[in-house]
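Sharing a structure with you now.
Per-chain residue numbering starts at 1, and chain names A, B, C and D are given in the order in which the chains are listed.
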Amino acid sequence: MGSVPLAHYLALGSALFAVGFAALLVRRNALVVFMGVELMLNAANMTFLAFSRAHQTMSGQAAAFFVIAVAAAEAAVGLAIMIALVRNRNTLNVDEVDTLKY
Amino acid sequence: MPKYSSADILGLAPALVLIVGALTLLLLEVFQESEKRGYQAWFTAIVAAIASLVALPMLDGEAHRILLTQDGLFFAVADRFGGAMAIVVAAGLALSALTAGAFLGARKAERGEFYALAMFAASGMVLLAQATDLLMIFVALEIMSISTYALAAYLRRGMRTTEAAFKYFILGAFSTALYIYGVALVYGATGGQTGLQQVAEAASEGSLLLMAGVAFVAAGFFFKVAAAPFHMWTPDVYEGAPTPVTAFMAAGVKAAAFAALFRVFTVAFGSEDVALHGWMNVVVVLAILTMVVGNLLAIPQRSVKRLLAYSSIAHAGYLMAAIAAAANPEVRAAAGEGLLYYLATYTFAGIGAFAVVAALERQGAEGPLMWDLDRFAGLARVRPALAMAMGLFLLSLAGIPPTAGFMGKLLIFRAAVDAKLYGLVIFGVLTSLVGVYYYLRVVVYMYMREREPSVGELPAPRLAMGVALALAAIGTLILGIVPGFFGEIARASTLALGG
Amino acid sequence: MGAAFQNLLSVVTFLPLVAAFVVLLAPEGRVSRGIAFWTSVAVFLLSLGLLWQFDPSSNAQFQLEVNVPWFESAGIGYHIGIDGVSLLLILLTTFLMPIVIASATTTIEHRQKEFAVAALVLETAMLGAFIALDMVLFYVFWELMLVPMFLIIGVWGSENRVYAAVKFFLYTMVGSLLMLVAILYMYWLTGEQGEARSFDYYAFLALEIAPQVQAWLFAGFALAFAVKVPMFPLHTWLPDAHVQAPAPGSVILAGVLLKMGTYGFYRFAFPFFPEATFEYRTLLVALSVIGIVYGSLMCLAQRDMKKLIAYSSVAHLGFVMLGLLAFTTAGVTGAVYQMLNHGVATGALFLLVGMLYERRHSREIADYGGLAKVVPAFAAIWLVVTLASIGLPGTNGFVGEFLILSGSFVSKIPGGKVWAGAAATGVILGAVYMLWLYQRMWQGKVVHEENRSLRDLTFREWGIVGPLVALIFVMGLFPSPFLGIARPSIERWVAQLEKANPALAGDPVPSNPVGERALRVEAVTGPRGAVPAVADPDSKPRAIDPQQLQQGKVRITDVVRPQVR
Amino acid sequence: MEWLSAMNPAEGLQDALRWIVLFPLFGAAVNGLLGKRLGRANVHLVACGAVFASFVISAIALYTVSFGDVSRITDQWWRWFSIGNVPVEMSLTIDRLSAVMMCVVTGVGFLIHIFSTEYMSHDEGYWRYFAYLNLFVAAMSLLVLGSNLLVMFVGWEGVGLASYLLIGFWYTDDAKAFAGRKAFVVNRVGDFGFLLGIFTLVGLFGTIEFEQLKALSASITPDTVLEAGIFSGWTLGAAITMACLFLFLGATGKSAQLPLYVWLPDAMAGPTPVSALIHAATMVTAGVYMVARLSFLYAWSPTAMATVAVVGALTAIFAALMAYAQNDIKKVLAYSTVSQLGFMFIGVGVGAWWAAIYHLVTHAFFKACLFLGSGSVMHAMRDETDIRLFGGLRKEMWHTWATFGISTIAITGVLPLSGFFSKDAILHGAHANPNLFFPWVPTFTYAIGLVAALSTSFYMWRMFNLTFHGERRGMLEHRAHEGGNAMVGPLWVLAGLAVGSLVWGLPLSGGARFENFLKPVFRAADENIARMTALGAQKLGVPVPPPPAHDFAAMLPGYLIALVVALIGFGIAWYLYLGPGKDIPAKIAQGAPALYRAFANKFYVDEFYQAVIVAPLSATARFLWRVVDAFAIDKLVVNGSAVLTGWIAQLFRYFQDGNVQRYAVVMAVSAVVILWIFLG
């Protein structure tokens, strides 16, 4: 692993970020959209860890844990909201959730 | 290893009080009968009051760095700015809680979780204002956000509520991701630093990576403060969420986010290279955009709640102007003063206005009719006090003296003029003129139209609501007529911004 | 009591506000009306006390000054003080308010209590604007005025009231917001040029501002004030506001609110930016003169009497602006006097319109006609007020108009003679439209049956318009006591501008140098004032008993025994 | 009576002068406020008493300045205000000129008050009428007595107001109300000039006091180029000319001269005694009085003098021509008044000051008598004014016929009544006074004056003949009856005055009495004219012309010519309306209808003004209101900006379409843009 340069990790991180981004923007299923967000968070994690290693500081590793914990909490609340959404409208299609507008 | 001291506890006292209050409420909820929940709103208000009391010592002291490590790292600071923000947040919490007490009480939907969540969110806000580390900010931001997601979804049965919560959640999570990715990049660019001061030392001149990080961090914040074009969620969410929650979001979330934004941008990214030649122009453009969009789009609204949502975007624009002015190190103190003062005024007037909306909200029906302008028609005859209070809040929002809003605008525009951002100021005053138009429209309905019988009965007045409105009105007037009182605090707190 | 006496100015200003709160809590009906009315009377009496405290001969620029910090860290102070001009305007305000509130009893048909509250708040705002010597304080009062006036127009106005009210609010606010920007810029300048940043009047006055910057700042101030005046072409809010406002609202609007604009020019815009003022004076003069002629022409096309009177206000305020812009003692004195006159005469006119409207519920001129036969006293009062409005000598309007026109004719405005001449056509046009209005409403035959049963002025109504009519004559015949209050202030003001640019401001010298010398010849001063009496070249002076001369019995120097064939 | 002789009238008068104004003013106030409850007897007691009191004081004053040891008495009332540093005193001055005027005003005024008590006895607005009349006397007194231009202006506008009120006295008739308004507005046009004249003098001399101006005028050099003040760069003469011309514009308004005479014929809508007092005897002469007052200033401006004379001459002939074809007895008199006023302006325009004033006085007597006579006729003939319906009234109304006849002889300038002397004094002045600067003016004004005199004779006799002689042509069933003593008395007094005042105008050696009487008043003016003439002669290189002679010998040729002219006029009128040529007028009317219509319609001057001034003005007003004000400014700019804002708002609103992913896209794009900006 030591031979993998920093740039690769960063590239991977940004690729992840971009994929998550794309999922967020184009997928219609709310769950998948949310997974896109999770991907983006993980991209951040990736970047943290890469820099942490590059700079030889441990705080980046700790940051990753923070992010993971927060993501978990977010998922819990988010999934609850989606359940409520499904109950009310019987759909998870993002396009159909647009009664509030203008 | 960090050294702990009682001062550390004191510095975190407001947040701790709020957390303890929330936990206590949850415990009481378990042991109390479900009918006797009327006390919860008052309890929350009292907790908020205690929180602001314990924040008072922070107002006149040296900045204390909480949990200072030997390498000079610290994650939060107990300074005047944090203290003042804690008070503002606590006031917002108390007003929203009282509003909610009346609102939920009328709908028989009071439950301990609601207030507990609100207090958790408030603790997040207080921490956000005090945090001096990008990671700590992230954590506080999330405490605040996740609590508000849940609050927004609180009335689960409503179609609109869930939709609002959903949108808020998806986009909020997205912005969080942007933010944290930005933090990661900053972390990398500064050689592994997340403390604001350390970042500032490491990044006095903007490298490419740093600027990319700044961009992402900024985008995350812009979302939270609802600056255009990151504002698009705001009207929908504000309209859909239960009205007291909307009030809390509009005042509290925005205040805390702006506090953090100010601290991050001035402390971490405040060097001339990064600020004056970096983010200032972007912020100026966004400020103008926000003012224009918020004010313009409020014009055609018939739902007062949505109108106020757009108005809150507009106010974000004025606050952005303060941030823009803060890019100039010489003007920074004045800009901070204006920002802080403006946040305080908006807390009172904004929550007050939303509270009136809550007080009039139609039960049973759904859709824009709930808050339609027609519900305000002839209000001055039926509920003169309510109409007068609403009038006062609207005047304050419009920035007409002698209300708080005028002083807030004055201070912000002053900072902007000092920073020579004349175009921004001119846009600011002209858009606020547009603002006057739609605020007056509500006044026109209240005072100059007759009530149509078809709009239905008004909900019965409730004590908690009355107290909330009275407090908000008093706050609005005091901040307008005796500006020196809070003005001195605001000035002192930004003169020596800890962090 | 002693403290109240020392702070009489503040007491006068804020007493109405306090009363407004009391009225708010009082029950609807007689009680609240009574409180409102008697408070306004008390305020008027107290303001007469100001007259007593004020010393016209003092050299101080402002008197009864109070300067305490208000928002110290921001450099905002509660700085108040008055000079002669503001004192007169204060008296006008406090004099009109009891009349307005009394007239509201019948002309306002619902929510009288709220009306009283609005009127009282408005009074505080107006008085505050006249006394403020701190720019933020001034701005606060300036903007505060909009709110109660907005409500008065919007709540108690006629059919199209909301449109008019909103228009009034937004229109006047456009200008003031830009003025705020200018104020903030000057505040920044005070920091650059002085030790501490301040919004204080004196600090602003002491600023040295580059000419091109002055132009921008002046534009900001001038816009705010010009809208309020209103100067052509920024006047279109006024007809709407006047037409829709209830009669008492129109009285306040015409009587006091419009003076805010001209007062603003007098107090702030011109002294702050002398160079820009001189630079753009011709433009302003032109707009004033256009306003006079244009406003008068507008009157000729109106069918609605309130609209007509509103446009006549445009013309009258054009006169005021012209007088101010003359920068001569005569012109400025006339302008100040005309502000009072317009308040009295047009105020009275609107009161009468209100009383008529109350009886007939119409503002259309065509709905009247021949009323003098039915209600002769009403017609007579209307005629008197009309004559004051067209400036007939003996009424107050004449003194003002004459001073303005003569002051601008002899002023150093480039082409002053032509401008004054053009403005003087307003004197003709004024007679044309006002008498036309009089004829259409009061003369001729009664054409509408419902007019036959109109009631003449009641005792109450006499009480309301009586003081105004009396004042019309008193001010017309004895202007000196009024002008004496303001004159030293005005002279100082003119001298200040003259110092800034002697070629364009200041009192003129008579062109004929011979005149100068001859005037000094044999001036005999009697006890009734200087009576310059010049010896008749063809008469031999009689020996005059010095004692008689002192007693003022002899005031004639040319005594001659004529030759009769 | 001992106390009277012990009193020095000059001293007492200093404080009494104001009572000339105050008595009628109080009378007006009492009648105006309480008249309705006072009862008729009390009303006219108050009114006549007030005017009589003024008359008494005026008479004492006249006596004092004529025979006492002072020539001028000033009543310093109060300091009115100041024009900058120029004080405006409310002060009254009486000298011989104003004393004569005052006696005419209050004397004739008193007679007309008496006449009115009967004439107006059936009118329900009795008290109002007398209040207005008293107001007029007060204002006129102020005009005459004012010791500066501004006090004069107060009276000037005051008489305008009284005139407005009295013309529109029967205001329920729209035409009469309109006539009143027309009078006021046209007068305002003149007042506009008056005001500018005052301003000019203020700017030029820094004073408006007559005495100071008079003193200043002695040392004027017209060619001086001014250096200071608003007239720097002008010559002094030009500035004075400007002032004089502006003031003369005021005079043309008040005294109904070209081009502002149009209001006077319409002013006949008022009660006839009012026409007698205001629109014939006193108010309309104010312009002449004003020019005479400022004669010392006019003397320095040959241009202004020539203008005054020429305008006067043109008015005299023009108005006389218009009187030819009028059939309304009052209209004829009105045009005659305009014409006679023209004569007076010729007088002041050529420097025959005293002659103008003399004609003013005699005209006041006979024209008042004529108007009252016509009132008497109307009173007898159920308010009919059309002379075509009259005829042969001599038999029914002997007193009226006699007095009317005397006055007609006077006005037509038949020897030896006062009108003959006064008119010929003017014509002589026009003819004999040399004018170096405008040499054609004497000939011109004299010639025109003669033609006007001929015309006067013609139309006056025409009217007289049609009214009183021949056979009744209309209203045959109606029997006219003479009025009571209150009406007949004043007629005879006025007729007597018209005859008696001839003694002042007799061409004695050394000048007429009246001329010498007014000499102190006009001495400054005469001297200034002499100075001006000397300067002019120097400039033109001609010898200074000698002053004209005033004795009988010098005037005889003029007298003869004038007499012939008057008799020719009489003859034509007799021939055409009583004699054998009775059908000729009808033939003329048929033969040249266009000409006749032009005469009958007063040369379409009113129509001309309507088309050129009034109609365009109101069209402009409507255009400005509809197009500029309501549309361009208000709708397009003001409301337009609001509407535009609303549109933009509506447009933007649809971006907010509720789709969360679209929101995310916008955010994403914005984030990218920000990133791009930050990196670039």
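The definition used in the following text is that a contact is a pair of C-beta atoms (placed from the backbone, for glycine too) under 8 Å apart; a residue touches a chain by one contact, two chains touch by 3 or more.
The model shown is predicted, which means the values in this text are computed figures rather than measured ones.
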Practice task
Taking the mean of all protein CA atoms as the centre, name the chain whose own CA mean is closest to it.
Solution key: C
Exercise for the section: Please work out the Cα centroid separation of chain A and chain C, and write it as a whole number of Å. Expected result: 69
Practice task
Calculate how many whole Å lie between the centre of chain C and the centre of chain D, each centre taken as the average of the chain's C-alpha atoms.
Solution key: 35
Practice task
Indicate the whole-number Å distance between the mean C-alpha point of chain B and the mean C-alpha point of chain C.
Solution key: 46
Completion exercise
In whole angstrom, the CA-centroid distance of chain B from chain D equals 78
Problem - Numbers and ranges of chain A residues touching at least 2 other chains - result: 24, 33, 94, 97-102
Handout entry: Junction residues of chain D, two or more chains touched
Key = 642, 653, 656, 658, 660, 664
Completion exercise
Where chain B touches two or more other chains simultaneously, the residues are 166-167, 170, 174, 178, 235-236, 300, 437
Fill in the blank from the handout: Every touching pair of chains is listed here as A-B, A-D, B-C, B-D, C-D
Exercise for the section: Would you tell me which residues of chain D are touching chain C in their complex? Expected result: 10-11, 14, 32, 65-67, 69-74, 76, 78-87, 89, 91, 150, 153-154, 156-158, 161, 164, 168, 171-174, 177-178, 181, 184-185, 188-189, 191-192, 195-196, 198-200, 202-207, 209, 211-212, 214-216, 218-220, 226-232, 234, 236, 239, 508, 510, 513, 516-517, 520, 523-524, 617-618, 620-622, 624-626, 629, 633-634, 638, 642
Exercise for the section: Spell out the residues on chain D that touch chain B in their complex, using ranges where they run on. Expected result: 642, 645-646, 648-650, 652-653, 655-656, 658, 660, 662-664, 666-667, 669-671, 674-675, 677-679
Practice task
Please give the residue numbers of chain C that touch chain B in the complex, ascending.
Solution key: 69-74, 76, 114, 136, 139-141, 143-144, 146-147, 150-151, 154-155, 161-162, 165-166, 169-170, 173-174, 177-178, 180-181, 184-185, 187-188
Problem - chain A to chain D touching residues, read off their complex - result: 21, 24-26, 28, 33, 94-95, 97-102
Fill in the blank from the handout: The residues of chain A that touch chain B in their complex are 10, 13, 17, 20, 24, 30, 33-34, 37, 40-41, 43-45, 47-48, 50-52, 54-57, 59-60, 62-63, 66-67, 70, 73-74, 77-78, 80-82, 84-85, 87-89, 94, 97-102
